[in-house]
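In the two assemblies presented below, subunit A is common to both, partnered first by subunit B and then by subunit C.
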Partner chain A sequence: MPRKVMQGLAGEDAVVERTVFNDIVTGLQERGYTVYGTVNEKGAGIFRPLGDAGEFSLRCTGGTMPPKDLWYPPFETLFTYDRQTGEFHTDIEETRHAVFGIRPCDVHALLALDEVFLGGEYQDPYYRARRVDLPLIVFNCVEAGDTCFCSSMGTGPGLDHDYDLLITDLGRSNGEGSERFLLEVGSSRGGELARGLRGEAAVDEDYQVKKRRLQETAAGERITLNTGDLPRLMHNGHDHPYWREVTDKCFGCANCTSVCPTCYCADIFDETDFSLRETRRKRRWSWCFLVEFGAVHGGNFREERIDRLRQFMQHKLNFSMGQYGFFHCVGCGRCIVWCPANIDIAQTGRVIRGDA
Partner chain B sequence: MTAQADKLKMAVFKFTSCSGCQTPFLNMETEILDLADHVDIACFAMASSATRPGPYDLTFVEGGISCEEDVRRINMVRQESKILVGIGNCAVYGGPQALRNFMSLEDLKRTVYPQPDLIHCFPTCKGIADYVPVDGFVNGCPVDQGHLQDYIVSVLLGKSPEVSSRSVCLECKMKENICLIVAEGVACMGVVTGAGCGALCPSFDRGCYGCFGPSADPNLNSFANLCRELGLTEDEINRKLRCIVNNAKAFREEVERHVPQPVKG
Partner chain C sequence: MVKTDEEIEGAVNPTLNPFRLQPVEIVGLKQVTSDVKTYTLRLADGSHFRFLPGQFNMVSVIGIGEAAISMSSDPDELEAIERGTWQHTVRQVGNVTKALDRLQVGDRFFIRGPYGNGWPPGYPLQRVGASRDLAVIAGGVGLAPLRPVVCRRLARKTGRLEILYGARTPEDMLFRDEFRTWAQGGARLMLTADKIADGADWPYRVGLVTALLDEMEILPGQGHIFVCGPEVMMKSVVRELTERGWPPEEVFLSLERRMECGQKTCGRCQVDAVYVCQDGPVFSYAVVKELLGVDI
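Moving on, here comes the complex of A and B:
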């Protein structure tokens, strides 16, 4: 195999060894980025700032929580208000975060949030400040998690756009030798990171292996959901008896929405300390699953748990299509994993559409 | 510095309780100087024996109502208070001591005291709202200092205090704790318990004990089923629900649904 030193061009590729991970992480750090990657803690993957690539766990599929907090933190101060002078102060700081090992489903979730926060007439400056410089080192999934159904939602297991660097685990040649990873450059920013990395030139066979591994991953997903005509079928299924059945199991804890990579709702509140000198207006994640979410003067739009559960799932599998033109479920399966009542959005979709 | 007469006149009273919900006021060490600029703490016996009579603008009440004397005092406190706020499990629900609501008082007296005849109390301990109109509550066992501060600041600013229907689960998720139910099979009460503690116990790998009482719309029936799936006996489930916030309606009714109620003495 010919040795190759990468030039750093978009569209360039190479087959590299695992040692290159550290070069990439170090390269990002040298450019001033805080690099987040999945770290194995108590048997689950959690996105943490990486010291070096050795801490990164390749086997953690998507991470317990999505890396959403990097571009949309659970709590943030929008502005401060000096109660004595009446002056407002907004401090929007551009962050320099990078994600090493984000998965295709989470990239799609990020693109969904881009549409929400930056796609319309009014852009969210807080979101933009965190999004503007956010290198994504994407790992294609060569192993399906127990609750993954990205291939049903069209969001994985492979990605072919919106990455800076894309890495696919090719395994070992004939099961021996060192691990081989296909590294693909997707942007000039990715190219800068790749420049000078060493590997072998990728050949047709490497792309065949990539294709086969992604096909095998998709075929290995145990959860499926036929999305054909799904919004209309979900709409028609508004009064399906299955909603009551799952509601009877549902604790109403809102874990599902809290781990969702596309949930974007927030509420706004003020915080003032005892001195009464300064008020901070804050934004925090909120969810349609909370009783308070639908509460307005004189009543509540979604008084019953069944209304809130149905709203969550209908938004993901139905309303989002009308609002944005694509599903706000990326099939990451986190809401299924972390539901203490074993409620399964894909199963619900299948039953409502009449497939189960 | 606001003139004394223009300050919010505040009082803290204790009824049947352990005093643990008054302690957060004393723990406001750095904040207390700022507080003194705007608030006149006129009556707080745990902090100072120099108490002054009402009326008070804002009164916090800790403790449940468990005897005639409590009833007389809570009516007096209500009359003297513009805004009356119950703080903690005892004032909201009756507290851990409301366990006696589910037993024979005479049996209990004989078990605990050498001279049971000297004990004069009701067969029940209940929250203050069972006796007087209450303007607001702060949950917890004990309450969180930050929640008390928020309440005082909200009254000073004339706005509604923060009330959230979040479950403990959401605090776990914000801390990226690994779910004890899903990962460890622990019958954690966090799924049916209101947030406020910062998921204290689950953060140390202990299942939630339900200290902040039921969340806004908890599904106790499903929680009992979960406990059964995890191998708990009916007795263990009842003990779990009657552990700390035993007299909260949702927890109490779930126990009553599947155990015969003992005759009260």
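Moving on, here comes the complex of A and C:
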């Protein structure tokens, strides 16, 4: 079928070449966004501001760390109190970050945090300020990482909502020629960005190729977890002897919870400067793996490491479903990568549910 | 319930910062036990602070931090409404509570709240607790969040009210000087102390609060039970209530967990799929007994 070659796209789905990435990044920068993308630094995929798209590494899959700190930083000041005047000062700045190359699993993780911070009775204005204007240029995954299990969790390897632009590597036609990417527009903001790019109008076949590549990726995931009836099975398995086995290996280092894109627990604390003039009320990430997490006067509700490990995994594979209606594990596999004890949440889930 | 301007503004203006603090002034102080004080407070801007029995505030001493503290006074007491006051009863156990202990009448600190669901929905309306009999069972400072319920019941004079209260020693009992008024108002008061000093004048029981259960006159099917105290105490109480035929739906417990935000975002108070701060702190035993990670 002859293709309609377009010099300037009108803002619709298209097939494009890699050079277009730079136009998208530049387009975002011109609109005032700081564009974050995965950059390969000494083998680690790090989200950092891109100068241009040349720095971006397609091979980083989801990134060694999730881009979570763009919308939920590890430390932040909620307000400052001037001890002399007795005045409060709150500085909520709306950020203009864009993420280039975020993966479907991390978009699902972002949507999970949206529910936590904006979906309840109280809306977190700090989170909101970083979230309201956050263009997402999503890359579907055409190659599964060693520890990915997004297709089990229903969060990847493809995305079909909540993107501004969605890019799928279609490969080279017949294995030769130039690389081709399907560029899909998911919002008017994405349409704006796509307007004027060089490319060809997308045809049915392109979507077929995309579909096939995503199916292959899903099939290539080596880790799987059957989520059918999982919350109930996890509930029933709360006293399964395997928890003890896993706990005996766990160091309690909290690496897993530190890298998880959906973890949101926090401490709120006060910090006063040396002049005793100002106190800042701050919020910082906290983790259910820390001993003090459940400590209160007269006791600790999760005294034993087994309680803390179980809390982490039960929350991801069971409790979150009751709280929000979906799992807070998006199958990104980062906790598996980062665990010094080779503890694998999917494996644990399989054993507890009786599949392994 | 009439909404305050703040609530209306909060509803239409979601950007209103839920971490914003309100200054409060201490207008009265009372040493309740050697390590517990009751603070009578008023909002510094003169507006009226509304809450339900069983709800709590996040209390702030700036530079130190925040702690969850229940309201311990009757929200419907006319005199308090006229003066715009309410009370917190606080035991000093850590950073914030010890900092509060150093404050004097006239000093200010900060709150945000109220948070939480409070004692059963509908209270003090008809559905639960108002017309039927009610027993409250408390251990130690656990009587503080139940005091609003006791006062309300006595003011309404509906149904029987039994109070079963235990503390480590008689000296650790909260609100001792009100017991007589409560009894005269019609409450049946049953007291116990874990231990008493040799030769002390203590005409009540010695032992755990569960020892009082046999003295209860309110029977299963006649009303409800509200329980607040340390988790081990609540555990033995509900076990014995169940043995005595109390249906789990009619027994309500106020849980304690560490809380940083009170708004379902800090994650600290999660138990199974509930957030104690907002889904609770009060839950029926029917709910609590199904929760993973709470030993009751």
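Criterion: the second predicted complex is superposed on the first by the 345 of 356 C-alpha atoms of A that agree within 3 Å, B and C clash if a C-alpha of one lies under 4 Å from a C-alpha of the other, contacts with A are read in each partner's own complex, and residues count from 1 in each chain.
Quick note on the criterion: contacts are C-beta pairs under 8 Å (C-beta built on N, C-alpha and C of every residue); 3 or more make two chains touch, one makes a residue touch a chain.
It should be emphasised that the depicted structure is a prediction, and the values quoted were computed from it without experimental measurement.
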*After lining both complexes up on subunit A, report clash or fit for subunit B versus subunit C.*
fit
_Touch test for A:Phe251: subunit B only (first), subunit C only (second), both, or neither?_
first
*Applying the touch criterion given at the start, work out whether A:Ser188 contacts subunit B, subunit C, both or neither, answering first, second, both or neither.*
neither
*Answer with first, second, both or neither: which of subunit B and subunit C does A:Phe301 touch in the superposed model?*
second
*Which partner does A:Phe269 reach: the first (subunit B), the second (subunit C), both, or neither?*
both
*Touching A:Met321, do we find subunit B (first), subunit C (second), both, or neither?*
second
*In the overlay, answer first, second, both or neither for which of subunit B and subunit C A:Asn226 touches.*
neither
*asked:* Contacts for A:Pro340 in the overlay, against subunit B (first) and subunit C (second): which applies, first, second, both or neither?
replied: first
*More subunit A residues in contact - subunit B or subunit C*: C
*Between subunit B (first) and subunit C (second), which does A:Thr90 come into contact with in this model arrangement: first, second, both, or neither?*
second
*Once you lay one complex on the other using chain A, what is the shortest C-alpha distance from subunit B to subunit C, in Å?*
5
*Intersection of subunit A residues contacting subunit B with those contacting subunit C?*
269-270, 272
*State the interface residues of subunit A toward subunit C in the complex, per the touch definition above.*
78-79, 81, 83, 88, 90, 92, 116-117, 120-125, 128, 235, 238, 264-270, 272, 279, 281, 283, 286, 288, 293-299, 301-302, 307, 310-311, 314-315, 318-323
_Residue numbers on subunit B that touch subunit A, as the complex places them_ = 28, 31, 34-35, 37-38, 149-150, 152-153, 156-157, 159, 162-167, 169-170, 173-174, 176, 178-179, 181-183, 190-192, 215-219, 221-223, 225-226
_Residue ranges of subunit C in contact with subunit A within the complex_ = 14-21, 62-66, 93-94, 230-231, 256-258, 260-261, 263-268, 270-275, 278, 292-294
*Which of the residues in subunit A end up touching subunit B in this complex?*
41-44, 46, 64-65, 74, 248-255, 258-259, 269-276, 290-292, 305, 337-341
